[in-house]
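These notes are about the structure you will find just below.
Order of writing sets the chain letters: A, B, C and D. Residues in each chain are counted from 1.
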């Protein structure tokens, strides 16, 4: 069964900035979707900020295996209740790929629990991404390193939790380094952050960047049924415990009562 | 220099429930503070929900090395702006020890990015905590296991991110298991979640529980200066890069401009 | 393309102990192979200690995607050079599933770098395995817990490095707990340790144990080409660096010289 | 009580190579010991390859809190039984700091379980170490980055297990990156690998390198009593289990018998 990818983009720079508009007339989401569509095992749709519910209805998310996220100037416009919904779906098992300036998106900061801050510089310099985990599925088909020029610089410290895996580390012409490809798991959902993708440069036309996106979608897809109980806190009464026991001692809660939240 | 511990308690059960009030006439915070005060290298204060700013002013948090958190029925009453503040201090390096029902506190869920849910049963059963990481500072002075009876049961799956370290795993009489002592780091702040502590039982009178609390305060204290820049995203211009470079290509941002958030 | 699984067994207990021989007339390897063969996407072969090169020739390992390892009384008979070879293949990307008493196998101790010790008791008790990572591929199709009776007890502390993921934790009737399903990665190879499988009990006839074995083989298979360079330490001369530089300063090594090992 | 550090050096380059001998007339171990001795809370001794038992007798290791290791051309001369002994002490809680070319030492490869390979170049280039975990004790007192020139280049992929923490990442003039400061735990022992330290350059005269060494010794010291049982596999009979149970079913082992290894 095909993997159902959904590419979300705030889609603002392309419409307010001529440079970005000329680079990505189909929108950044369009360029990413085209990269993913090369994989015959993946079906791709797109969604943008200005659609109803930002294009992220309950029904649509329920039918999404992997969500790809690009945002920058409009992070603040994404509604909290939609962020709640996306976070919930990640916990249930939806994969999430956060790109570039998405490090400051509400959804990424929520899932990390940290500031997700970094240094930056827009100087069209060379970025060289080294594959540090060669056997990782996200690195499939890549050489030992690849270069992007021009790219924006992002520099350490990148204030994320210690990753589950570090796949790429970048070298920048101006002297900085950055953990450019890192994985996490939250609930049943796999998360991949991938650094490249400045809107003022044609990064999403770069062949190896496109390969990473395709690899990441396959990696992030969790075929398990949605873990809908991930947030439940069920009471297990003493007489239905795996080992039935006598209830002893005083009690605060009555039978069948919900716990506090 | 002494470690400055601050014990926070919502302090509601003790005042509305006679049973809890008789168990902890000094408040749960009082019992915990007394356990910590045994360590001559620690100074202890307490704070509760109904104090102004929940007793957690900017100034007070700035002078706190380790915050201990107990909450249950009043999680929802903790103001978001105070949670923001505590989270920020954890990132800067303040240690945080989250106790028992605090798994559902706003601050813990925010730092984890996951539901932090679990199974539960109030049946006064035996809990046996096994030390799985014997060399860990939080296990200092403990035997290979210790028992608490009566205790509330918390059962897996506990929906947290994969811990940095698993220190304790609990066995319950009714058949469940639980990762009862787990560590995390977020920014410069060390976090320890410790399971025992049901308000209807005298858990905080238990000698080994008290030892764990003391150990955890010492472990969680990060003597480094506060990492106040943890959330900053500074621009590093091309001519002030570690390796000065020429600025190339088009630009979206002007000199000195702030990045988007 | 089918996953090529190879089930290795020392195959001694079955031939020297009547009880074990009656439980597993086809050998433990035979029982495991039968469990795996249910998966149409997997081809299964077996190998045993007394075959030439323990059935683990270079050629055969090169054609193995996932190796399953069962050993106990004959750990010491496994030749070091064969262990070297298996370890090398794991680094290159071969999956390894280590079962039960294999915790003390040479290959597992080598890959972990720790004693891999634990407590044990042979009393035919109940083991209840809780799934703590419900979305993990190794837990596919399982209920929230499953029981095995009779089983041998293994108790914490289990002296392994902190796992990449903890999938199962066991509860034992006699009061112990154990991290029963844990994952690691070494080089490009994925490693899964799975606790159940005492030779004096019919554990490998247990339906859920068999399901875990099948799941684990699928999880452990890394489709990437063998990372044959995983142990190389190539010199990168200054004039062939990604950024060609002048060689400066004194040198210990001459051009083209090998580094020390 | 003072931390007892022991600096081990193979001490060969200094005696066979004039350049290295002039840089480190006191031996590399002497230079490192001098850096550590600045810390009044640390007592420092040294040991070298050609001493009896390489200067690493049982008695001496038993009185060592943190062992610092420098080796290169003589890795192969270190006796296996001494490596066994050091590994055992790490498991018991002795800290281990592995420097530079020590990535290929027997003890480091044993503790990691991986090849520990990397790229290299001796061209006197600039290394810039970025602090990625600013709150880590090993980074105490350091600026956001520091530079070493000249240094040897080590490049990724560095074939180690995923670290517990990544403290430093290096940028090299010739275009490579490297995880230059990484932590691990094995048993009760904390391990820190630190990249800088080429014997043909005066790296151990560098003030920030010396600061890192001092910080690492403090971090790696585990004050817990030696975990001498770390490799034991005790039988826990049914009648001495935490929950006494009846022994059921067939048995392979007799009462009081040792398990297989």
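Operating definition for what follows: a contact is a pair of C-beta atoms (placed from the backbone, for glycine too) under 8 Å apart; a residue touches a chain by one contact, two chains touch by 3 or more.
Bear in mind the structure is a predicted one, so any value in this text is a computation, not a measurement.
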In contact with chain B and with chain D at once: which chains are those? Just list them. A, C
Report the chain whose CA-based centre is farthest from the CA-based centre of chain C. B
For chain A versus chain C, what separation do you get between their C-alpha means, in angstrom? 31
On a C-alpha centroid basis, what's the spacing between chain B and chain C, in Å? 36
Roughly how many whole angstrom separate the Cα centroids of chain A and chain B? 27
Where chain B touches two or more other chains at once, by residue number: 128, 134, 155, 162, 164-165, 171, 175-176, 185, 187, 230, 242
Which stretch or stretches of chain C touch chain A in the complex? 93, 128, 134-135, 137, 139-140, 145, 147, 164-165, 171, 185, 187-189, 222-224, 227, 230, 242
Chain B touches which residues of chain A in the complex? 13, 17, 19-20, 72-73, 75-76, 87, 91, 101, 104, 110-115, 117-125, 150, 153, 155, 159, 161-162, 164, 173-176, 184-187, 198-201, 230-238, 241-253, 259-261
Any idea which chain C residues touch chain B in the complex? 128, 130-134, 144, 155-158, 162, 164-166, 169-172, 175-177, 179
